[in-house]
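By letter and in written order, the chains are A, B, C and D; residue numbering begins at 1 in each of them.
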Amino acid sequence: MKARVTFKGGIHPPENKGLCGELSIKDFPPPETAVLPLQQSLGSASEPVVKKGDKVKKGTLIARSKGYISSNLHSSVSGEVIDIRKSPHPLLGEANAIIIKSDNRDEPERDYSAEEASADSLSSGEILELIQNAGIVGLGGATFPAHVKLNPPADKPIKTFIINGAECEPYLTSDHSLMLECADRILKGAALIKKMLKAEKCLIAIEENKKDAIALFRQKIIQLKNAEGLQVFPLKVKYPQGAEKQLIYTLTGKEVPSGGLPMDVSVLVHNIGTVFAVYEAVFLRKPLFERIVTVSGKGIKNPANWRVRIGTTFKMLVNHSGLADKKIKKLIMGGPMMGLAQYTDEVPVVKATSGILVLTSDEAADFEHLACIRCGKCVSVCPMGLMPAEISKMVEKGRIDTAKSIGLMDCMECGSCNYICPSGTNLLQYIKLGKYEYLRSKNVKR
Amino acid sequence: MLKDKHLTVTVSPHIKTSLTTERMMWIVSAALIPAAGAGIYFFGPHAALVIAVCVGASIITELFCAVLMKKPATIKDGSAFLTGLLLALCLPPEFPLWMCALGSFFSIAVSKFAFGGLGHNIFNPALAGRAFLMGAFAKEMTTWKTLQDFPDGITAATPLNLLKEQGYDSLMKVFDSHSHLFKELFIGRVGGSIGETSAALLIIGGLILIFARVTTWHIPVSYILTVIIVSYFTGGLFDIPFHLFTGGLMLGAFFMATDPVTSPITPKGQIIFGIGCGLFTMLIRIRGGYPEGVCYAILLMNSVTPLIERFSKTRIFGVKR
Amino acid sequence: MGIEVIIYSTGVLLVLGAGFGIALAVSSKFLSVEEDPRIKKISDILPNINCGACGFAGCSSYAEAIVTKKEKVNLCMPGGEKTSKKIAGLMGIAPDSIEKKVALIHCCGGGIGKKKYDYSGVKDCRVINMVAGGSVECDYGCLMGYACLRSCPVHAIEKNENLMPYVIRDKCVGCGRCVTTCPRNLIELAEYGKKVHILCSSHDRGAEVIKVCKVGCIGCGKCVQACPFNAIRIENNLAVIDYSKCRVCGKCVDVCPVKVIYDWRKDFTVPGKQQKSGKKNEL
Amino acid sequence: MGQEETNNTGYFKELSKGFIRENPIFILCLGLCPTLAVSNLVENAFGMGIAFFFVLLCSNITISLVQKLIPDEVRIPCFIVIIAAFVTVASLLMQWLIPDVYARMSLYINLIVVNCIILGRAEAFASKNNVFRSALDAVGMGVGFTASLFIISAIREVTGFGTFLGFRLIPENIKPITIMILAPGAFFTIGFLMALFNLIRIKKGKVSK
């Protein structure tokens, strides 16, 4: 099956995916000290269950989820808890974190390499519990706790389960390399989730620039015995192909209503990394304490994909990969389109870190801010069908209500408009400001 | 070590397209150069002087206004250069130079800076300048130059003028046959404004714009299609190429109507805009007092751009109509 | 012009005037809409800067609410006591007391505090605050994005020489727009009469404050001891004045080691600047 | 406008406000219709200005005299009657004194009846102030209007015809700018002068940007 339909809009930024060279995953050595921020997912921060001086092993639970939308946190090294204090956080600036000093023995809590035979006979509830205990969150970057997403309300059954392997962000190849190395396991995880959700179909969506992954998955599915409803779906190469709503539209033709969730159209989307983490949690009983991270950008001498423990600082990764002898401008967590710029390299890898980019000043060029010439490019690229220039102008004038009425809150902040704008106006920043102001005014009124 | 480096922190996205406003303006200017060159080749050195004066006066006016309004002077972005060039291309080749300068001044100072500068003007500055000159110096604006290498040298008027004032027969007398007329029109060896005569070169320039993604196909295609349809129904098959290749239609459709500032931002709005331009152009050409209607048609549609935008909003994803 | 013209025109005018006069009388009886004239009068009294401090969309809707919904007459902060009294007189009720309040920015170190990173993008503190927790090291410091300055309807906020925004107290009408605008909640409305304030909001421990800012409250407690009325307490590492007890003696000002307590009766109006008052008051 | 305190100081202020501060054309934007119509020749503009001045002065004085007599509800019809009477007088006078100017612009003279400056001053000022102040206001506004008209027409006549009061200023071989004597020219001129007046006011600090 070839991708025929696609969503409206989108852009084609230079991919730069080739920087990483061969797509093998290398193991990054466990860090001397791991910094594990308590806030790793959307919702509330988790509550520490260890205190200063406690000995922990790799995979020991160190913080428990607090509230429904929250996640567990496990130690990524074996060693001693030396402090719980405020430290840099890649998303929040600063937040409380558990600091663990490694004893260099890397002792696991249990053996994570042997596959549990009994996994196939588990009930849905048991699987969910395993997932929740393992502290799995959406690894695409949104970090929504996986057990919440996998437990839709009874009146909204899931018919189609989509595995998002689009990885449309430039530079990043972590999902791609994971797909190439662990196709079998991903498929196992996919089958498990599909069974658990009682979904009719399971679509694996992969962008066409990852031909080898598409071929590999197709071949594996043919080999599989119970591959009913399992399908690989090649996607047109463009950004933001991996955005949830756009992906659902491309694959099923259904539009998630404004303000709604994918389950409103009986669809559930999970990132490829999350599916892999689910496999590990259920079949290996391994909690989420490491993930694949792309370290790339033209500022890096040897870009590569690493399997990194959560809590490793960016500094270690960057130094290990080597800095290129160029003018370095930005350090980014995530992709260049939606990633967050960091002010220090002391921040640790968290569950949301899909990539670390060091961009040189010619890649991340600053634009001279010129007047909007109303070229309409932002309108034609907006995948949500908004008029970003209008919205940002309204926000700039302080007319938040007008901005709301023309779709301010429908923006998903993909940044396409900002990328394409020839005048270099900061459309997305104004839209973010507008959202902030709108939520704030709503809170005041309450 | 990253620590010693100066890290810049911004909101995402961190990469941007290389197609800047500045580059867009220069691409448009470059796309106009073949047509301008043809104008100079056909009409002689005075045409080059007209172009030079218009561009120079535009840039000087832009500088002057920027200083007066205490705004940073934006000569580098090429918008003043482009306005001057476009204005020159829709002026007659023998136009007095001081009038060129005055028109450029009007274009930049009144129709652009008085509205707030680049991005805020309601009317296309070059066309507004032309309309001003038309109002101020009607006689000079309709005095066309005779082409030296033309068979009998009597055609001191554009083909549209001939048709309007002397009728179909005299047009045929000058050009002998349809095929000859269309050939001359297509190449551009007819009377007219400096840059509007050579349809072939203008089409090439327009295609450059579309392929360089400076502009989209919506306005030119809907404009030209409307003209084709209207001319077919009002005059028949002969009228289609005649109306397409005479006057400033190609220049207007590819370079003037597509001016981003004064046209709607939504694709649907751009199509409506193009259709409106086409209808008004044909209305003025067929029923109006002027032989040529491109300039006023586009100016008229410019004035309703906000209205079009209001009625051609894009559909927000996930929102049912 | 003959005499007959005069007579004729007089007659025509008379007849027309009588006819239309009757028509007017009839229509005024049947078509008139009862509108309370007090609404317009109150509208005229109100300052018409539409600041929104009263909680209504604008001055005219507040005027309407006073007449139709018997809203309190002391809600107009910019107008102050004078306006309140005038409206009360018009409505025939006793005026409620009104305290003049001015905005106060509880930070004076944004411009001299340590920077966390180089920011580039929209220069608005509400945006800067979203990026990695703000561009200054101090978590409670002003980000110098001047959203307050732009939100002020009467241009009462300016930048001082350290580029910190400050409030011109005599221009401020106390509408409270800047209070809701500030993304770090550094601004509050303070009584105009109580002229001693602590210009810092940092709840960090003293050692951390010293690291990032020269003019940050370190919670040393010297002011607490100096206060003869027990009006100052240390709350979560930050000195806070209890205005119900404060008698504005100014003793705390002198003992503060980091100079974050300001006395507006002395000869400076601009925090961090020590400028003679009144000099920079014009726009 | 009418809310100035009625103390005895500032008579000069009352008089001079029409020149620049509250110039009827450039600041208050009143009476643009005759301004557009008659300002392409200085001669016409002058005639219009004089007629206008006369009507404004007389109506302001009369209205301030009878303000107590007129009931509030029917003040507009009464004002119109008064103004119309003076316009008739003015047009009769002009017909007698300067017949050739009158012939060119009789229509516009009659239209003074509904000119918004006169009605506006009557409504906003004369009906609330005493006779002397109203007269001062009328003189100020009248002079302001006439002067403004004179400036506009001078610019338009020189650029559009190349003449001033009929004398040729610009040599024949330089083409005059035809558009300046058409309605758009009036708009351009008024627009530029308005910008100039606003600039003066901003410089003086009367208006904040």
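The working rule: a contact is a pair of C-beta atoms (placed from the backbone, for glycine too) under 8 Å apart; a residue touches a chain by one contact, two chains touch by 3 or more.
This structure is a prediction, so every number in the text was calculated from the model and none was measured.
Chains that touch both chain B and chain C: A, D.
Shared contact partners of chain C and chain D, listed by label: B. Of all chains, the one whose mean C-alpha position sits at the greatest distance from that of chain A is D. A separation of 41 Å divides the Cα centre of chain B from that of chain D. Centre to centre, using the average C-alpha position, chain A and chain C are separated by 44 Å. Taking each chain's centre as the mean of its C-alpha atoms, chain A lies 70 Å from chain D. For the pair chain A and chain B, the distance between mean C-alpha positions equals 48 Å. Residue positions 340-344, 366, 426, 429, 432 of chain A each touch two or more of the other chains. Residues of chain C in contact with at least two other chains: 117, 120-122, 127, 130-132. The multi-chain contact residues of chain D, meaning those touching 2 or more other chains, do not exist; every residue touches at most one other chain.
Of all possible chain pairs, the ones that touch are A-B, A-C, B-C, B-D, C-D.
Contact residues of chain B toward chain D in the complex are 96, 99, 102, 110, 114, 132, 135-138, 140.
Across the interface of their complex, chain C is touched by residues 6-11 of chain B.
If you check the complex, the residues on chain D that touch chain B are 175, 177-180, 182, 184, 188, 191, 195. Chain contact summary for the complex, chain C toward chain D: residues 13, 17, 20-21, 24, 28, 155, 283. On the side of chain A, the complex with chain C involves touching residues 92-94, 340-344, 366, 398, 426, 429-430, 432-433, 436-437, 440, 444.
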